[in-house]
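Chain naming follows the written order as A, B, C and D, and within any one chain the residues start at number 1.
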Amino acid sequence: MIIAIKQGVPEEKIRLFAANLEKQGVQVHFSEGVSQTVLGLVGDTADIDADALSAHHLVEKVIRVQEPYKRANRKVRPDDTSVSIAGRDGAVHRIGGGFFGVIAGPCSVETQEQIVSIAQAVKKAGAGFLRGGAFKPRTSPYSFHGLGAKGLDLLLEAKKATGLPIVTELMDMQRLDLFNDVDVIQVGARNMQNFSMLKELGRCKKPILLKRGYAATFTELLMAAEYIMAGGNNDVILCERGIRTFETYTRNTLDISAIPALKRQSHLPVIVDPSHAAGLSWMVPALSKAAVAAGADGVIVEVHDNPEKALCDGEQSITPAAFAELMKTLEKYTELEGKRLA
Amino acid sequence: MIIAIKQGVPEEKIRLFAANLEKQGVQVHFSEGVSQTVLGLVGDTADIDADALSAHHLVEKVIRVQEPYKRANRKVRPDDTSVSIAGRDGAVHRIGGGFFGVIAGPCSVETQEQIVSIAQAVKKAGAGFLRGGAFKPRTSPYSFHGLGAKGLDLLLEAKKATGLPIVTELMDMQRLDLFNDVDVIQVGARNMQNFSMLKELGRCKKPILLKRGYAATFTELLMAAEYIMAGGNNDVILCERGIRTFETYTRNTLDISAIPALKRQSHLPVIVDPSHAAGLSWMVPALSKAAVAAGADGVIVEVHDNPEKALCDGEQSITPAAFAELMKTLEKYTELEGKRLA
Amino acid sequence: MIIAIKQGVPEEKIRLFAANLEKQGVQVHFSEGVSQTVLGLVGDTADIDADALSAHHLVEKVIRVQEPYKRANRKVRPDDTSVSIAGRDGAVHRIGGGFFGVIAGPCSVETQEQIVSIAQAVKKAGAGFLRGGAFKPRTSPYSFHGLGAKGLDLLLEAKKATGLPIVTELMDMQRLDLFNDVDVIQVGARNMQNFSMLKELGRCKKPILLKRGYAATFTELLMAAEYIMAGGNNDVILCERGIRTFETYTRNTLDISAIPALKRQSHLPVIVDPSHAAGLSWMVPALSKAAVAAGADGVIVEVHDNPEKALCDGEQSITPAAFAELMKTLEKYTELEGKRLA
Amino acid sequence: MIIAIKQGVPEEKIRLFAANLEKQGVQVHFSEGVSQTVLGLVGDTADIDADALSAHHLVEKVIRVQEPYKRANRKVRPDDTSVSIAGRDGAVHRIGGGFFGVIAGPCSVETQEQIVSIAQAVKKAGAGFLRGGAFKPRTSPYSFHGLGAKGLDLLLEAKKATGLPIVTELMDMQRLDLFNDVDVIQVGARNMQNFSMLKELGRCKKPILLKRGYAATFTELLMAAEYIMAGGNNDVILCERGIRTFETYTRNTLDISAIPALKRQSHLPVIVDPSHAAGLSWMVPALSKAAVAAGADGVIVEVHDNPEKALCDGEQSITPAAFAELMKTLEKYTELEGKRLA
């Protein structure tokens, strides 16, 4: 951490300030110029509150050099993390570390027939995981909010029928006990900074699919992962799902650079949600291919057997047939990248 | 709601599509052009899922004309809502409907001495409400997260000492029972779309201070208010606290237009948080005055007796002396606007 | 300027790197920590290319502490700049340094009758300057692009009739000779970084009204002013006119914090364009008042005698009657701020 | 174009309004509902000013259904446009229509030796075009602004030595006569809405590489292309180079969705600038591959033989060796996409 002192501050005041900083367990180095003194803080600065320092009347500017996250940091763990989930089909499904995970399924679970038939279709096409929403975050209190506990039951039916591990979203901690048989718990973009939830998920033994908030920086996403990891749960899968910008043709703007950026800063796997990013089903194949090419460890794709009648987000879902086509293409792209579809 | 049909669709298909729409309880009117047919949907379209419609293969574009919120809509209730809170000092404190409410206090409650002395100072200067954080949302799991239940106790001590009603943030529903003696419950920007929390607050009998998410549109903020109101709680105070943009000089960008925009669309009171908006204490007076001038119904200001030693957000807090100065200025501005400081 | 060196670089390499930097005319100070060395550059670092430095293989991060602008910097000139223009009416019209300038008129000059009658109306209401577009930047090549040279003639007629100095936009340097009798040359938001134009305007003897690009940072705006000032023209008026964000209810988002931010960093006057910022005529009064309250030195307002028939931007224009009302309100607000309407 | 009329307007007023609209050469169709009347405008609505209409007192909302661009519209020309340039090496270099063009070279032309050696290196690696800046747009008036006319001469030397067609940026029309031997004229992001320049380039016979402004929507980019095409020049190459968002880790945010979005709306070729998009050389390969995968027709890449000593933008340049590696990878990706490197 670097602290630029305001111009014209007498040296003894700076010495006193530095002495106070050293009491917080860091070493302070001086760089005195003609017009400006700069302090370099060395040691574990993660606990030092940069905001509070900025308010000090001697301080002009505070600059962090070290990343504020530790467990999610690639410097701490240089090798890629690979998250493994044992399916009921005996297979082990993996995301990260050379394995490209494909998670597919409908936005919302609607009926047993729907979820089982989609599960069978995406499994046949090569998907490794089944997704489906039981509890749905919706902008309007008057929209369809998912089947709830009944939806979870139907997902488990589909798991039984296909063996695919299931991925579904948790909206509040009071429902956590319903998620015992869920394989991967999804934290939605709107809950990425629901810190109470993140803390509790840190105590949970399941992999967490953590979606980037639509206005969250890379650092904020990694700090959200850090919340979970600080509790002892290291199985966090990061998911880029589009950010909010001025462009309105697409629902959000897929930040493709998030993939190389996050993978350079962290060892955690990074997947992409092309369906929510654009909100346009015809764009899903192009964005999925781009995700592989940019280094992603997986994709999560909305598939619906009748997008026109989907109870939510039909505009962004592709049909099982289109998904099967997409899988063939992704196979070629992952091969080029030296990854295995898992 | 208006639906533009794709070019070249045969009329009988459009008739069939329209008939299906009418089964959902709306009337459909036709506008047939040479190259394009446009359908106008009349009736209660709030329940119609625009996303699902957009996915239909006959549809080119869906445009909402009616607002998706009902109870928060000024068309439903033309007069300003005024939220009243009885203080322990016998006075009734109001926000909205001609009353300009000033909420002041520290970012975090730190000690009994700190919170009581700040409460006395802001009361003396003319504030109507005391704010203070007991549960603090922080980006890092390693930062100070507030005193928790102990912090709430200290706030209640300050309320006893000054009579000021208190405003404090709720971070998860499991703690709601601790908030019995809190006067106004704050929903933070990061929880603005925590729909589970919003639903439960709808069943609660206390006024809710709802902060705009830092990337939320006006419509999304009003829909979040609608969640609370749909549960029967009409005492919602909207708060503009800055949005995330490309500009980094200020922490966020105060969207001053939010005030006239929200007040035109809704009858709910709108207040401004100049402290979080800019993150710079020296900017608080200018932004507070601008808020009054733009038509706001109040401000929420961070005040700390020693900003340099504040345990969080010191950079944006002003001292009690600066706050007393600010109150004198706001008195003149609110008078110009024909409002009463409350 | 501060340079953080990568971890593990041997000292002699750093010494060599620093010696090379000193050849560029700056002093280098060292701050050596256990894990990281930080260099502080002292002296005139405005010419040092931070981008090039960032690419150096020893460098982890480069941080500018000093502002990259000189002549526009308040540190160089602590007192407010006041731009004065002698009108044909004998009066001296001022913007900045305690004078609040009001510039009013139609988006486009349409006919002699229109521009003269609007000029008379806004003068009567108290405006100090007449605006009007002769050359109009339009998104579409098929829209009305202004009357061109003929429009300038009509503006001069209106100037003759009322004595008001005129403000109008220059779109390319080839037309500069037509602007001899124009009093203030406007650089539009889309040309804020047309560096060739800025350079030539630096050699011009007229005040320049420089609009902030809709995605330009404060620093970029000040650097654009610096281009003009570097050529010897110090009469630059900065104009905040809204930035592009995710919110679509307003055409742009008025960045009200730009006023205190720019005025703290620079001595140049700062005015606000409430008409383009929101694109909604009913919002102009609220935003104009907020501009005064936040410390602006003026406003530029679109006034049209028949907004519904305006050839461009009718949606954001107010009528002469509404403008006269607005002036009465602004008088009270500028008085509160200790400024004189000019 | 669709016009929603305000509620409660009497029918005869609407009829009168519609009659006036029909005088502007369009047909008006009515859709009358219980509470709202909607008008559908049919015919050539490109000349109708939606802003002016929005200001009309009867109008609640105006919605464009038709795109405002004609010549750039894929509906007008369903087949991909392919831009061809004859190189001095006898080869024809193409971008679009199945040909993937690679443009490579330094940010700035510095010396003859530099530009010729880079040109030879990128040609050997398989690039089809040489880029290099002679006139450089720089944020600061005190930075290096390119060698100017001398730089153009050096580019022509490199063209003579290698036969590669050259691509370089024009910053103002007064210099256009110097560009006679340039093969492709680049319009920089900051000049994307320099409408005077766009108009003149419409009369020019050379292909134009049009960069997307960093806060321009897809529609605005296509309208800028329309300006050029309206003048008779159809050889426009669109270039996505990153947009400005809240994320600061990358210099800009590459909007990968721009590729499928622009190609669906327009027949013009779309290329990507991965160097400026991220501003980080190590990210160039990942983003280039993603560009191919998303359907781009080419890339423009900064290559410098000594990025650490580059006079500008060194941070984002890759070495000739890294470029040669990249070309091998792009060959495999373009093959998968069924495109030929050109």
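By definition in this document, a residue touches a chain if its C-beta (ideal position, glycine included) is under 8 Å from a C-beta of that chain, and two chains touch if they have at least 3 such contacts.
Just so we're clear, the structure is a prediction, and the values are computed from it rather than from any experiment.
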Equivalent interface positions on subunit B and subunit C, same or different at half: same
Selected interface, A-D versus C-D, where C-beta contact pairs are more numerous: C-D
Centroid comparison with subunit B (C-alpha atoms), farthest chain: D
Inter-chain centre distance, subunit C versus subunit D - centres from mean C-alpha coordinates, in Å: 27
Centroid distance [mean C-alpha coordinates] between subunit D and subunit A, Å: 32
In subunit B, residues with contacts to at least two other chains: 215, 244-246, 248
Subunit D residues touching subunit B - in the complex, by the definition given at the top: 2, 4, 27, 29-36, 38-40, 42-43, 60-61, 63, 65, 244-246, 248
Residue numbers on subunit B that touch subunit A, as the complex places them: 46-47, 49, 51-52, 54-57, 68, 137-145, 171-174, 190-191, 193-199, 213-215, 220, 223, 226-227, 230, 244, 281, 307-317
Complex interface listing, subunit D residues touching subunit A: 215, 217-219, 243, 245-250, 253-257, 259-261, 264, 277-278, 282-283, 286-287, 289-295, 332-333, 336
